[in-house]
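Structure in structure tokens, see below.
For clarity, chains are labelled A, B, C and D in written order, and residue numbers in each chain start from 1.
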Amino acid sequence: MTASREGTSEVMATTLPPPVQHEEEKRERPYDGGGGFRNLVPANGDRRVVADPKGEPTRTGIWVALAAIAMTFAALSSALFVREGSSSSDWHHIVLPRILFFNTAALVASSIALEMARHRVAAFMRGQAPKRSAAMLWLNGTMLLGLVFVAGQYMAWLQLRAQGLYLPTNPNSSFFYLFTGVHVIHVLGGLGGLTRVMVLFSGRFGWRLRRSTLDATSYYWHFMGALWIYLLFLLWLKL
Amino acid sequence: MSSKIFAVLVIVIALASAVPIIHHSFLGATVAPPQDISTHGYEIDKQMDETMLEAGLSFLAAQLVLGFFVWQFGGRKDGVLKNFPGGAKYLVLAAVLLVGAEVIALGAMGTKAWAKVYFDKPSADAMPVQVQAGQFAFYFHYPGPDGKFGTIHPEKIDEGSGNYFGLADDDPAAKDDIQSGEFVIPVNREIHLMMHGKDVGHSFYVRELRIQQDFVPGIDLSMHFTATKIGRYEIVCTQLCGLGHYNMKAYLNVMSQEDFDKWLKSQAG
Amino acid sequence: MPEQAVHVHQAPTGFIRKYVFSLDHKIIGLQYYALAFVAVFTGMVLSWLMRIHLVWPNAPIPGLGLLSKTGAPGGIVTPEYYLQLMTMHGTLMVFFVLTNAPFAAFGNYFLPIQIGAEDMAFPRFNMMSFWTTFIAFCVLVSAFFVGDGPPLSGWTAYAPLSAVGGDPGPGQAVGQTLWGLSIFIFCIASLLGSLNFIATTLDLRTKGMTLSRMPIVSWAWFITSCIALLAFAVLLPACLLLILDRVAGTSFFVPSGLNISDHMQPHQGGSPLLWQHLFWFFGHPEVYIAILPAIGIVSHILICNMRKDMLSHKVLVYCMMAIGFLSYMVWGHHMFLSGMNPFSALVFSFPTLVITIPATIMTLIWLGSLYGSNLRINSASLFCLGFISMFVSGGVSGFFLAQPSIDIYLHATYFVVGHFHMVMGVAAIMGVFAGTYFWFPKMTGRMMNETLGKWHFFLTFIGTYAIFMPFHYLGLAGNVRRYSAFTDDYLVPLVPVHKFITFAALFTGAAQLIFIFNLFYSRFKGAPAPANPWECTSLEWSTPSSPPPFDNFGGKHPVVYHDPYQYGVKSSTGDYLMQTSPEQAGQTP
Amino acid sequence: MNRQQVFVSVLAITVLVCCGSLLLNKTVSAAGEGKITGTVKLDGEAPHMKPIDMSKDPYCVKANPTPQKFQNVVAGSGGGLENVVLYISDGLSNPTESTAVQVFDQKNCMYSPHVLAMDIGQTFKVQTSDQTAHNIHPNPNPMTGNIPWNQSQPPGAPPVEKSWKATEFIEVKCNIHPWMHGWFAVVKGPYAVTDENGNFTIQNVPPGSYTVSAWQEVYGTQTAKVTVAAGGSAKADFTFKAK
């Protein structure tokens, strides 16, 4: 720890670096941990100006969660490659349902809509926009496009079923249902997050939306879009 | 007091641990690997001895130093704090250099032994034998005079009547095949063992031959070795395969060439 | 900035909110500890049953016949029941003890306190994480009471044995599915837990608590959570695929043409090696998930008891990071003989051997630091010393197994069992014991009984060596693991060694009764603990009370002025300086 | 004679009479039932049954100084075929149920008997006389309603009592000793299994015309028509052709 301790074999010489001075602080430190109970309420009562500082755990947490999700899909992808290598005889290519491309467009559009919403929310929070309605509209749009995506994926499943391709039919259909299924479950989680954002943003019952919640939700949502594009590429390439 | 007990205990345990290794006999049981009967095994044994020496010395040194330091400094009150001469830097350096050298040396040497088992190709005149592992027995399949193995039909396997490999009656290659529950091989002849898994994972382990290889269902692997000593040895399964795992074994019977020919004849008859 | 924090932050009062569905990280830590406690003793009893069966195969065990009529008719353990006990022992110990106790239990309790936070970053996730773990535990244990009992495929659940349903043996039908489900749920719980640990460490450190000022054990928990995050994220989909193979008829792990018990399996073209790859990609890091927190705990406690810092505790942190990083490159060393490309064995062998380097550095630093210290001997520090001894003993045997050529002989023998029990099992448990004796005063406000603690240590230390050292010798003689009886000619002479081990296991298990007694006795009748009984510097000893109040620091935020380990200095408190003390350290005389 | 003695003797006589009438009653009804006897023969040379290699379990090797042979086809010296199950496959309207508890023993690492015939719902006991663990794994077709089971029986373990719900020829195996295989022949109504000379007797057959089936594990089933007179005996012989 201290250079002086190393190298000298005898008597301890402890010349410690002078401690950095901080004045004793009480709990009004804005960036304290708060142990998860960060019910930050502006002193003037105007919730619209709430912004939370850097290092907010929600934002960190979402990156960590995304790392785990990425790892999960990496594992599934490697499973796909290994499985393809293990037996080529039953690797029957399937034609991807066309609707997947439409769904992709919907998901990308929803990401754009969410970015628009984020700008509107920020404007409202900063007091630049008087009303929530514009932001709410974009949030609703995001939600709707997300639901369109989920419904579209379901349509894709139905189309595959109609071809007689079920989950255990062959490895390609297994992987198709697996990837789309696991992804849709994550997308539904994102829709849950969006709902939460909308409810919090509505300001009812004294609820308030923190910036980090919105940020985290949108990072997650964009990640789902990017993940889907990767998956689509993988499915198109391999299945 | 406790520090002295601990120090003595660590040293005693360390020394006692080394005794069975040096002595090879523990409570009347021999704990050393049995004598090697293969042409490649000496490489593995050499590697094992080297590692035992290095690991054993590191083990003893570390435990003795631990015991000694605890004896010396344990329970000391208000003594003058001292630091290990040289501090962390030299310890780290020592660890990196010594262990690094050890790693490289053992790694390189081990590669040689590994290569002998896995990279060398079986010679052209190696005797082919097929082995099938299933719950919970090994069966051996000799191609017979035509040198061709009958095709395995998993659905035709019937252990109750001795058709261990599910050979078909109408398969010409299977007509002269020999199916046996015992692995009989001639001494000093290279064996090319083709491994087939019938159901779940199994493994083929002969201590004396210094070979061990998993059966992977769906993948037919192969192994080759030469036994150099006549005798009867146990083949056991080392991959957990179900309730009869403990009893999944067969015998390896290494015979002289004449005895082996006789055995082949008796089986064909 | 106009905003101001107003805390709505009250301790819950109802019993349910306070002790059951609590959001308080301290309660959750204790809940994890309790769960691990139940699991470890269950697992230990299972190991007793196994050991007894091994040396007295035909002896009826009273009462066991009631637990399973078919598995142990008349109390006599059948071969399948032995394997079922073994599977449950392994699964309980690895997942619910070694992952939970040093990491989730102590980490939950002390990580927030050590970094000066009031709670974890996401208390609700924290609560969910524990209760999800609890559900996983219940699902796993329920396997004892369904159908043919728990699975018999071992904690590694190799496919196709684990992936084809009931044909390959009892317990492989419902039991194996429950196992897969339990581990699936456990993965979710661990992911939530790791997420929480990482976010807490990164964002909730108090003023002055820079990363480099974090105590070594907090570092260990942080690094462990990073490892766990990626490891469990791989096991999760692996379990999903396993469950799909079992219940939906897919063929990820099951190849074509399998004839199991005269039933042709319907599966096509799967890869059994895929399961092994996915499992060990998780499985090897899992070993470090178990041992790194113990390394952290032991270093932390030793520093306090040596009254001086390690030669360099930062080097220890770097070593832990190196081990964590390397742990992802070595999974293949479990599969040298599994039929993968023999070249890859060499590729996996090298980083495995390289792990020896950070491990040796750590050992040398511990040993070198003991030199010239004022080592205080108490139960906690004895367990730390025991840990070092075990870590060395278990570590050197890793040197054999890391080499593919030697692995040809030693793979799947008792050598492996001895190796991982020493380095991952006993060593980690020693860390947990050390942590328990050390932090008990903080967690309960009472001291543990030292005399009993020392007896517990010495008996455990002797006992564990007596159990696990001979395992290595058995392995050298070629004794294959996971055998429920020794019918082979060459194994019969080894039975006396097994008998010795069984006696040692029963003895060591009985010695744990001292610990249980001490734990409960001291909890209610122990001497009241002073605020800082060990004269330690880190933040957990600066809380206003023991146990700490609901928000840990009583409405204040501690401010950190120093590196974590200011020992052997001159200050108003004695030879140490608390991290929170604004005082400047003087020279020692 | 005092009163007590009188009471006891009256009681004893009453009990005797009751028992006797019960027994009598049974024989009376049995008097109407006939039996079917016959011989099952093998035409041609019996296939060579290989000796069994039991080397994987030293106990089994010791238990069998002369190696056992596979028992799929066991023909006696006179061509009589052993282990053939005879049962009434047609014509029986209201069969009496067999209630005797039969024993399926695991002895010297072989099943004894090799084929155990039984009635639907008839309890049988699987026991072990060996000092090594055995496993009992009958493999019925799940479509029949018979539920497969798989459990082990270490030495000293109590016998396993079971019964089957539907008629089926169920192969039973020991997973630990793969050469051990036998059969549970579950039939409806009276049955018999041939002895080492191929002889059999189906007891307790009510008078009537029946189709008698003979089942052999390798050669399959043959049938014959017989008529049983009250209290009489009908004859049915079968001949299987060696493959």
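What we mean here is this: contacts are C-beta pairs under 8 Å (C-beta built on N, C-alpha and C of every residue); 3 or more make two chains touch, one makes a residue touch a chain.
What you see is a predicted model, and the numbers here were worked out from it, not measured in a lab.
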**OP:** Tell me which of B-D and C-D has more C-beta pairs in contact.
**Re:** C-D
Subject >> Centrality ranking, top chain (CA atoms only) >> reply: C
**OP:** Sort the other chains by how far their Cα centres are from that of subunit C and give me the top one.
**Re:** D
Original post:
Rounded to the nearest whole Å, what is the centre-to-centre distance of subunit A and subunit B, using the mean of the C-alpha atoms as each centre?
Top reply: 49
**OP:** Using mean C-alpha positions as chain centres, tell me how far subunit C is from subunit D in Å, no decimals.
**Re:** 55
Subject >> Separation of mean Cα positions, subunit C and subunit A [Å, integer] >> reply: 30
**OP:** Give the residues of subunit C that touch two or more other chains, as numbers and ranges in rising order.
**Re:** 78-80, 169-170, 255-256, 261-262, 269-271, 273, 308, 311-312, 485, 487, 489, 568, 588
**OP:** Mark out which residues of subunit B touch at least two other chains, giving numbers and ranges.
**Re:** 80-84, 87-88, 134-135, 218, 242-244, 247, 249
Original post:
Out of subunit A, which residues touch more than one other chain, so two or more?
Top reply: 5-6, 11-12, 86-87
**OP:** Enumerate the contact residues on subunit C facing subunit B in the complex.
**Re:** 78-80, 83, 152-154, 156, 158-161, 164, 168-170, 255-262, 264, 269-273, 307-308, 310-312, 315, 337-339, 342, 345-346, 349-350, 353-354, 356-357, 360-361, 363-365, 367-377, 382, 385-386, 388-389, 392-393, 396-397, 399-400, 403-406, 408-409, 411-413, 454, 458, 461-462, 465, 469-470, 473-474, 476-478, 480-490, 493-494, 496-497, 500, 568, 588
Original post:
Of all residues in subunit B, which touch subunit D in the complex?
Top reply: 134-137, 159-162, 180-182, 242-244, 247-251
Original post:
Tell me, which parts of subunit C touch subunit D in their complex?
Top reply: 57-58, 60, 70-71, 73-74, 76-81, 148, 166, 169-170, 261-263, 485, 487, 489
Original post:
Which positions of subunit D touch subunit C when the two form their complex?
Top reply: 57-59, 131-133, 135, 137, 139, 149-158, 160, 171, 173, 175-176
**OP:** Would you mind writing out the residues of subunit D in touch with subunit B in their complex?
**Re:** 50, 53, 55-57, 70, 72, 135, 152, 171, 173, 175-179, 181, 218
